[in-house]
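These are the structures in question, set out in turn.
Shared between the two complexes below is subunit A, which pairs with subunit B and subunit C, respectively.
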Partner chain A sequence: MSHAMFSEQAAPTAQGLLAPPSAEPPTFPRVPVSGYSDCSQPFQLGERSFSRQYAHIYAVRLAGMRPGLERCARKQWGNDIALRKLSELQAGEKCCVVGTLFKAMQLQPSILQEISEEHNLVPQPPLPKYIQPSDELMLEDELQRIKLEGAIDVQKLVTGTIVAVYGSEQDDGRFLVEDHCFADLPPPLPWNGPSSDRFVLLASGLGLGSVSGEALLSTQLLVDVVTGQLGAEGEQSCAAHITRVILAGNLLSQNTQSRDTINKAKYLTKKTQAASVEAVKMLDEILLQLCTSVPVDVMPGEFDPTNYTLPQQPLHRCMLPLASTYTTLHLVTNPYQANLDGVRFLGTSGQNISDIFKYSSMDDYLEILEWTLRAGHISPTAPDTLGCYPFYKSDPFILTECPHVYFCGNAPHFQSKLLQGKEGQRVLLVTVPDFSATQTACLINLRDLTCQPITFSGFGADSEDRDIEVGH
Partner chain B sequence: MADELYLENIDEFVTDQNRVVTYKWLSYTLGVHVNQAKQMLYDYVERKRKENSGAQLHVTYLVAGNLLQNGYVCHKVAVVREDKLEAMKSKLSTLASVHVYSIQKALLKDSSPLYSTDYDIVKSNLQHCSKFSAIHCAAAVPRTPPDAPRAPAQSQRGPDAASVVNGHGPPAARPPPQQQRGIMGMFAAKAAAKPQDTPKETKAEAKEAPGVSATSSKPSIKNSIMNNFFGKAAMNKLKANSVPEQLKEEKEVEKPSVAVAEPESSPNSVAEKPGKKAESARIQQKDKRSKTKRTDRSDDEEERDPENVKKKRKRIKQLQSDSSDEEADIPPSPTREEERAPSPPLVPALKTELEPASTEGSAAGRKRKRKRVLKSKMFIDEEEGCMGKTG
Partner chain C sequence: MEQPRRITDSFPRRLRRRGPGRPPGRLKDKKDKKDKKDKDQDKVQAKVRDCSCSPSQPSPDPALLEMLRRFDLSWEYGPCSGITRLQRWERAQELGLSPPGPIRDALLEHRDNP
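So, the complex of A and B:
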């Protein structure tokens, strides 16, 4: 697969602008969007009622995924295996049970422990990972739960995953697992991708409102490349093939989250403004520049001014008065799903992946991303450790169709992988890096599902080499 | 001839004004295509150096191309100083672009002056920031203004709380434009009602019906102008202050705005009044809730001096009126001022004058009485030309 990316096509005219002014410089029309439809309806919340308990979401999750898992179980262990509920288990009988995993972790932050007076505990500081060798896995179904042991990786798995285990109940009441399986990749979607090069720029973690100035120039360079200001003619003509920009969350920096105003006396904070106000104004200007040139989809993230629980609702238009006058601005939900030029995109701003990272031994964001796809669920740890709306009719995070591009934002560095499924699925997995730290964004070519990182840099007083590698 | 001109311009910018001239800055300043600006800069550098090799001129370049990094072939876009240009070019496996980024007299320690120059010039040209770019997007069109406020007709929010299926509201009922239309609709409705208020107060009640029908045709024409007026100013204030409020109030507001927008179809003053009463009642409610925010808002007010000076005129005459509200950009109503002119200039007299006036046209006038409460109690009284103080 050739990387028909910017550089090769642009090379011939690379030095063309190192010359006296020519007569009429060309203007390239932006490649129009041939087909766009927003498929995020399941993630849009209308009236919200928080009077329900979270047990319902687990119930519908299990009910929704059970048929698929039973199919997988039969495929893997034979058509004649016994599918049992936990209440029907008989000691020693080899059977298959489908249920929800629950991992009992000693270090899992518990609000009850924190506020308990008899324990007198200092609240636990946030750790990068909360896993311990002593963690235990349980399987729960509609009525009962049972402890699991055996051929199942306790450290890797997380609470909320729906799994089918094959084994038998022991005398001591635990279930000895001989094998287990997940929902695996959902059924494939037909491919209607474009036949010529079309690019989508994926960026996340712009981090406006932070103190760092380096990222600001890189952000400006990003905007200039996309809008066709930067670069020689060849590069500009390639940039005209960028049909869309998706900003996957954390447009504002974590620094804008400071809530000093709550703790300080009113007279000290009277004339101060929340840091996010200035940052949102900057965001508005940047989005305006982009929107005059390319359709933009803006997803909220962990530090953006919208609701905290998943699914996050779109940012409100009144915060972006300059940019929202353009029809090219689309404020969308997190997670976000859409058909762009016949290619199905599905992705999040990264909270789902980073939450699994905290409670699993998996270290690699790409590995976790792939695992969620194979487990058939975007965010199994919601609502246990990740805030989530108490759905009760259906769980919208269950993956029912296999997207063509599956991404997560705010990853420590860029990674991508093309996954081929047994039923003909072809998925491009992309971990979009945090732009404020890495100055890197991703360019996806819709024609052949290839992905290339694009890095920006200025120059500083100290180093000439700005190859920033954020290890993790 | 034309050639010489840009060279002279650049020379003036760099040497005389000591500016950092980036290609983007030059493009906006001379009104030329970005690529021409880049070429102009290159041409200037070449010529200047040929004339005078010791010229104090520093150049930064933009270099872009392929780079092998972390196992991926990444497209690198970098701004480099002239002395590092060749080093960067050699690092790249394929060169995609090289061009002049900026020229300036002094040697730059880091790239932040480049950023600030570009930021400033873009900020002052926000309205047409892609004008000189090499890519034009046909799809990037501003939304048409009538799109925004005409929602009240559509948004018959009867089944408001009905469909709470799984937390998903009816998807069609809540597209983002609706929310803005709700806000705009509220202002549109107020604008529609305002011109109708004015004739009503001066004329007798009997004349109201024709007055209403006469002016009801006007709002539809005036609307687009009004809304643009409200749009920008109201948006600016709303943005800073009452986003969460608006979201809450939006639904309630849309109902009364439906009622008030109706005058156009049913020019019946009776039907209108209860509608307005309902709206003013709701707005009263809103005001009560917004009381805590009032201090913040009045702080912001003080900072917006030019507007304040203009508004002070009205406020003097309508002191201590019922309650304040977040929006205040009601266009000056000259008839009201004239009305007040003959009244004694002393504040207490004004106050008493106000009260009966306010109760009389309660429903009708209430909207206009919604003024911000002045924090500082000093004012300049136009008629007497003296300074007065409120009690």
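So, the complex of A and C:
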């Protein structure tokens, strides 16, 4: 069975560029869009009230995930195990408890420590990882908490995960864990994928507004490939199979976030503009070029002008006056969920994964991505270390259905993996790399859930070079 | 003609009738505060501007209050602070925790009184 890779289709067929232009320039109509539906309503906030505490979101998370975890526990350790609450524990009895994990970390930045005047401590500088061998895990349910020890990897797990542990309470009050399990992959969605090759381009971290303009050439090359203005007829016909472009966050660079103007006196900063203004204008022009040709979904990221807490709300239309006149521009939330041609996409701009990276011993973004899928929750560390809206009715980050493509943006490298679940789930995990650093985007073939990176590199101002790498 | 109004009229006058254990401003205690305000208004009619609170109602049945208080403090339905009792009841219903029906009827009956 041949699955036609983008580059294989492109290369040999048509005449190369070194041929006289044909009399009738061919036109390649783009594959029509069929079946798009946006499923990210749970991530859109209506009224926002910040007067609530975060206890509600934890309570709802536990109550919502408890039935699934009890089912998994029964499947793993037998139907007749005793499911107990922490208040019902008896010393020495083997039982199973479902609760929320809390990891007590010494190095975790704590606002209370910072403002504590007795210590006169300088606030801790940000570290890449906050884990230490002395970290401890506790299990909390609705009323009590207990320290965990035993067959559980303290370094790997993070606060906020819902877990079922099997073991017994010791005399000293700790719980000795013999085995533990997570919610595992959510139930599968039916597959309605397309029968012909359809591609979706995933890119993140365009990083506009940065000091160096090197990435701009690559960005322009990306736009030109997608709109079919680059390459010979072979490549152009392939580009016509790209049905959608998803930009997963960090469209603006971190440099636009400089806070100098806030600290300076007003009379010094009157004439200066925020760096993000220029960057947003550039973004508008780039999006305009893309939107004339292909539907684009724009997700906000960590450095983009929208709210900080998850779920981030879509960028406002008034910032993109040129591009928002086109209906092909969709400004969407982070995290984002949608049905494209019968394939369910779910992804974030990467803040959830990088937050887990900081507080866990897991180093590989793909491993963390897979772990969040198996734990049944997009972002367990919210609201502990990642800002989150105080939900009270339900936790929208709980995974109730298994997506077909699960991605995260702004990863250090491109990685992808096709995961097969026990109940017939097929998930393509993709870590989309940061474009401003790696000049790499991803192409996903919706027909057979394969993914390949596409790199744009330019050597200085004289020559333009482009090579498509086949990675798998 | 209205009397000349002062800036401080926008704050309801409260005499020293505040009890020692005045509970923190939780939604379920709004009713108690309203009762106190009514009594104060009777005493200081002339100077206090009309608040938007409703005129004094017959105080609800203490048994009903007791039932509501027990609903608030029962841990199965999650935390009770920061949301109204009705919101908490609906949330418990959606999570399948089967909260008692009479509570909801009582809450809907006194809709203006959380």
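Here is the rule we go by: the second predicted complex is superposed on the first by the 454 of 472 C-alpha atoms of A that agree within 3 Å, B and C clash if a C-alpha of one lies under 4 Å from a C-alpha of the other, contacts with A are read in each partner's own complex, and residues count from 1 in each chain.
Everything below uses one rule, namely that a residue touches a chain if its C-beta (ideal position, glycine included) is under 8 Å from a C-beta of that chain, and two chains touch if they have at least 3 such contacts.
Keep in mind that what you see is a predicted model, and the values were worked out from it rather than measured.
Chemist: May I ask you to decide whether A:229 touches subunit B, subunit C, both, or neither, giving the answer as first, second, both or neither?
Modeler: After superposing on A, A:229 lies in contact with subunit B but is clear of subunit C.
Chemist: Tell me the contact category for A:190 with respect to subunit B and subunit C: first, second, both or neither.
Modeler: neither
Chemist: Is A:394 in contact with subunit B, with subunit C, with both, or with neither (first, second, both, neither)?
Modeler: Once the two structures are laid over each other on A, A:394 reaches both partners.
Chemist: Is A:63 touching anything from subunit B or subunit C once the two structures are fitted on A? First, second, both or neither.
Modeler: A:63 contacts subunit C only, not subunit B.
Chemist: According to the stated criteria, A:126 is in contact with first (subunit B), second (subunit C), both, or neither; which is it?
Modeler: neither
Chemist: Determine, under the contact definition given at the top, whether A:143 touches first (subunit B), second (subunit C), both, or neither.
Modeler: After superposition on chain A, A:143 lies in contact with subunit C alone.
Chemist: Would you sort A:285 into first (subunit B), second (subunit C), both or neither based on which partner it touches?
Modeler: The first partner, subunit B, only.
Chemist: Looking at A:48 after the superposition, I want to know if it touches subunit B, subunit C, both of them or none. Which is it: first, second, both, neither?
Modeler: first
Chemist: Counting touched residues of subunit A, say whether subunit B or subunit C comes out ahead.
Modeler: Partner touching more subunit A residues in the overlay: B.
Chemist: For subunit A, which residues belong to both interfaces, subunit B and subunit C?
Modeler: Residues common to the subunit A contacts of subunit C and of subunit B are 392-394, listed in rising order.
Chemist: Of all residues in subunit B, which touch subunit A in the complex?
Modeler: Residues in contact with subunit A: 3, 6, 23-24, 27, 33-36, 38-40, 42-43, 46, 60, 62, 64-67, 69-70, 72-81, 84, 87, 93-100, 108-112, 114-115, 118-119, 122-123, 126, 128-130, 132-143, 161, 163-171, 173-174, 176-177, 179-180, 183, 232, 235-236, 238-240, 243, 246-247, 296, 299.
Chemist: If we count contacts the way the header does, which residues on subunit C are in touch with subunit A in the complex?
Modeler: Those in contact with subunit A are residues 75-76, 78-79, 81-83, 87, 90-91, 94-97.
Chemist: Over in the complex, which subunit A residues touch subunit B? Could you list them?
Modeler: 3, 5-8, 10-11, 14-15, 17-22, 25-30, 32-33, 41-42, 44-49, 213, 216-217, 220-221, 224-225, 227-236, 239-240, 270-271, 273, 277, 285, 288-289, 291-295, 314, 316-319, 321-322, 324-328, 331, 389-394, 413-414, 416, 440, 443, 452-461, 464, 466-467, 469
Chemist: List the residues on subunit A that touch subunit C in their complex, please.
Modeler: Listed in rising order, the residues are 51-53, 55-56, 59-60, 63-64, 67, 142-143, 392-394.
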